[in-house]
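Presented below is the structure to which this report refers.
Here the chain labels run A, B, C, D, E, F, G, H, I and J in written order, and each chain numbers its own residues starting at 1.
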Amino acid sequence: MLFQVQMEVRIPHDVPVDRAERLKREERERAQELQKSGIWRHLWRHVGRYANTSIFDVGSAQELHDILSTLPLFPFMEISITALCRHPSSVHDGDQ
Amino acid sequence: MLFQVQMEVRIPHDVPVDRAERLKREERERAQELQKSGIWRHLWRHVGRYANTSIFDVGSAQELHDILSTLPLFPFMEISITALCRHPSSVHDGDQ
Amino acid sequence: MLFQVQMEVRIPHDVPVDRAERLKREERERAQELQKSGIWRHLWRHVGRYANTSIFDVGSAQELHDILSTLPLFPFMEISITALCRHPSSVHDGDQ
Amino acid sequence: MLFQVQMEVRIPHDVPVDRAERLKREERERAQELQKSGIWRHLWRHVGRYANTSIFDVGSAQELHDILSTLPLFPFMEISITALCRHPSSVHDGDQ
Amino acid sequence: MLFQVQMEVRIPHDVPVDRAERLKREERERAQELQKSGIWRHLWRHVGRYANTSIFDVGSAQELHDILSTLPLFPFMEISITALCRHPSSVHDGDQ
Amino acid sequence: MLFQVQMEVRIPHDVPVDRAERLKREERERAQELQKSGIWRHLWRHVGRYANTSIFDVGSAQELHDILSTLPLFPFMEISITALCRHPSSVHDGDQ
Amino acid sequence: MLFQVQMEVRIPHDVPVDRAERLKREERERAQELQKSGIWRHLWRHVGRYANTSIFDVGSAQELHDILSTLPLFPFMEISITALCRHPSSVHDGDQ
Amino acid sequence: MLFQVQMEVRIPHDVPVDRAERLKREERERAQELQKSGIWRHLWRHVGRYANTSIFDVGSAQELHDILSTLPLFPFMEISITALCRHPSSVHDGDQ
Amino acid sequence: MLFQVQMEVRIPHDVPVDRAERLKREERERAQELQKSGIWRHLWRHVGRYANTSIFDVGSAQELHDILSTLPLFPFMEISITALCRHPSSVHDGDQ
Amino acid sequence: MLFQVQMEVRIPHDVPVDRAERLKREERERAQELQKSGIWRHLWRHVGRYANTSIFDVGSAQELHDILSTLPLFPFMEISITALCRHPSSVHDGDQ
């Protein structure tokens, strides 16, 4: 089941630099792990912003929440979710 | 080059039914043609809305405009565009 | 899987009265059928508005879209969707 | 009498961790106590957000305010309230 | 129980004048009847707008909805509701 | 002359507790004094929010500003003002 | 007493041209009459918009409403009102 | 003096096609005339929208309004204006 | 050339009181100087807000920016600008 | 390929003055370098705001992101992007 997830990251300027760097490093590792597992299916940067559009392929809404809420940068993210489904004009069966 | 395109369709209720049906049929044909050519890379329906998220892979912003502005339902769409680029944490080279 | 669905109905004043009445009657029948099947789990009216908050229990996002997009009043609804999951402080197992 | 209550929690990053943890623990205890009493009838997490949708069953608007304004995390919540009533298409008598 | 109700009236210009006039006349009669009964406790016009702030004193949210949704101009109103309760600094007991 | 005043109070969490408590105590005293004088005609709490709807009866807009801008919590309030006048359907002469 | 009034005019395209022209002519006459009387103290066009900023000098909020709500174009205006008072740094006594 | 002008065109679907076509043709002629004169300095289409960003170089705000308000499509445009001036980091003297 | 300037002042509570007082004093002196010169033509306080509506009469947009961006409180202001011009119904020649 | 970039700069008041000054100096140097190279084609200040409208001419969306995200003031900017293309009424071939 696919969900579009848009994440906007806002780290306040008074968070210590080393803490911010550590969180970003951990975020990247977690993101790559989830991409390799096929759950975080797409990940694109928004030009000119500290933001991304992601497509997640999960078994349930619960699974999506468990993943997002444990992302290292979650406390500094504004997240918006759009549930997706197959478009009747889509030519891709596997694109759901 | 990838662009995220969100389309919201609003056909006023006083557009004649046959005109609306014809436009939708033509829209579907054009959408499938563009998907098969690889330009309209992804097309997902938003659950519960007459709306979609699409990913276009085009050579230029001009090409994207020429495609979108000639879609049969263009006069009844509210479109928002987000320019995308490769995310530094992406594991997919081809995902740009 | 639970989704919160908020529906706002806006029927333009120049829709013929008998068409509007027919659509409302069909909407009610469909809503009751879906409630009895357990899919449309809750349905509450917003005080002072032609709007409601609903909780749907569906097997997938696709199923939810198929239901919502075929509601008789769908063309006159503004719908917003929130994917729900179990709250860690919830005392109800069945409340997911 | 039912009210839909949507709570969004935003704890500033410079609130000491132990104070935040204590408030969350107290919030959870209070939430479970109110659920068991039947007042906090439903509690669902919004996927991907530190937010919830709740349904309260109270004797008056005053009672609702007294409950919400004494929640441990109240100073860090953005709350929006929607008064609910029985939907004419509801099949549940007890759903009001 | 008190609710603040803000009503904004928007009658499309192509509603026939006599229908609009009849609805306004019926709205006024209903409003005065409800004021005399003590339910529609206050009614103030917003300066420069076809809008008002009203305070209703009702036994339940259901009663409020039944009143508002049967107002003659209801189909042309945008209504927003705020549940009120006694302010701790209020000096009026009867003001709840 | 009546004005509707909506006040939303937001005290940052790093304002010292004793300063906040002192300001709230002074605010309450001032609010009660103004209510007794008949100027602050109504004061209702919004359910679930640190906010209120108030009705002021003043001789001029200048008088209203002088009162509001010297409230002890003024620096932490977001205030919105609506000028009111007599509604043509009102049954109360004194309600203006 | 001064009020800032911002008016945005939106005449639907299907209002007959002669009716629109008549309303505009009557609006202009009324506006000039009120300016000459000193009530409509300032009237400026917003560049590039069918909108204006006006300053009214009235004896009461009621008087302002009676004037605005009888302007010939009132049914096609979106009006927003800001109550003004003397600025403590103003050097003009008469500017209130 | 430079102004950034953003124009969004919305022609209702029930405007007769020949009227719309005539207005667009006249708009194009006027736009080209103003570009050639140097007043309409830049004109860019927004990708995927019936909208543009324009830069006007005019002698006064009055001149800008006289130009914009007589554009053939003005009644169907939503226009927003930003007054511009020389940026302290600009390397172009003539770019003002 | 006239511009409407709306200024909203928000001084964070942790700016030292003496710095804030000094800035306000300097702001007042500068505002009075500019009013006396005829550039800052009108200055009105918004009732109940730390905000004002001002009318500036300047030779160019550049001059306006140079004035506003050097106001002592500029770093704490949210400013919105509306370019004004003569209204066709204005009776004042000098009002432009 | 042209993109319109609007930048709003918000430096919190508790960023040390020398750090802010250094960042602004570096920003200016980088902006001038990019202007001289022809990439940052236009740069205009918004009157009365710490904001600008810029036009970038880049080979790809990726190039634009790489430039914007390494601007010294990027962490304190709110950036919005509009992809541009040739307007059919434009008289400038090179203006795309």
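Methods note: contacts are C-beta pairs under 8 Å (C-beta built on N, C-alpha and C of every residue); 3 or more make two chains touch, one makes a residue touch a chain.
All figures in this text were calculated on a predicted structure; none of them were measured in a lab.
Peer 1: On the document's contact criterion, could you list the chains that touch chain F and likewise touch chain H?
Peer 2: For chain F paired with chain H, the chains in contact with each are G, I, in label order.
Peer 1: Among all other chains, pick the one whose mean CA position is farthest from the mean CA position of chain J.
Peer 2: Farthest chain from chain J, going by C-alpha centroids: E.
Peer 1: How big is the gap, in whole Å, between where the Cα atoms of chain B centre and where those of chain F centre?
Peer 2: Using C-alpha averages as centres, the distance is 50 Å.
Peer 1: Compute the distance, rounded to whole Å, between the mean C-alpha positions of chain D and chain I.
Peer 2: That pair's centroid distance is 44 Å.
Peer 1: Taking the mean of the CA coordinates per chain, how far is chain D from chain E in Å?
Peer 2: 28
Peer 1: Check each residue of chain F and list the ones that touch at least two other chains.
Peer 2: 2-3, 14, 45, 47-48, 61-62, 64-65, 81-86, 96
Peer 1: Which chains touch which?
Peer 2: A-B, A-C, A-D, A-J, B-C, B-H, B-J, C-D, C-E, D-E, D-F, E-F, E-G, F-G, F-I, G-H, G-I, H-I, H-J, I-J
Peer 1: In their shared complex, at which residues does chain B touch chain C?
Peer 2: Per the touch definition, chain B meets chain C at residues 13-14, 45, 47-50.
Peer 1: Taking the complex as given, what residues does chain J use to touch chain B?
Peer 2: These residues of chain J touch chain B: 1-3, 60-62, 64-65, 81-86, 96.
Peer 1: Quick check on the complex: what are the chain E residues that touch chain F?
Peer 2: The touching residues are 2, 4, 27-28, 31-32, 35-36, 42-48, 52-53, 55, 82-92, 95-96.
Peer 1: Residue numbers of chain J touching chain A in their complex, please.
Peer 2: Those residues of chain J that touch chain A are 3, 5, 12, 14-15, 61-62, 64-65, 68-69, 75-76, 79-81.
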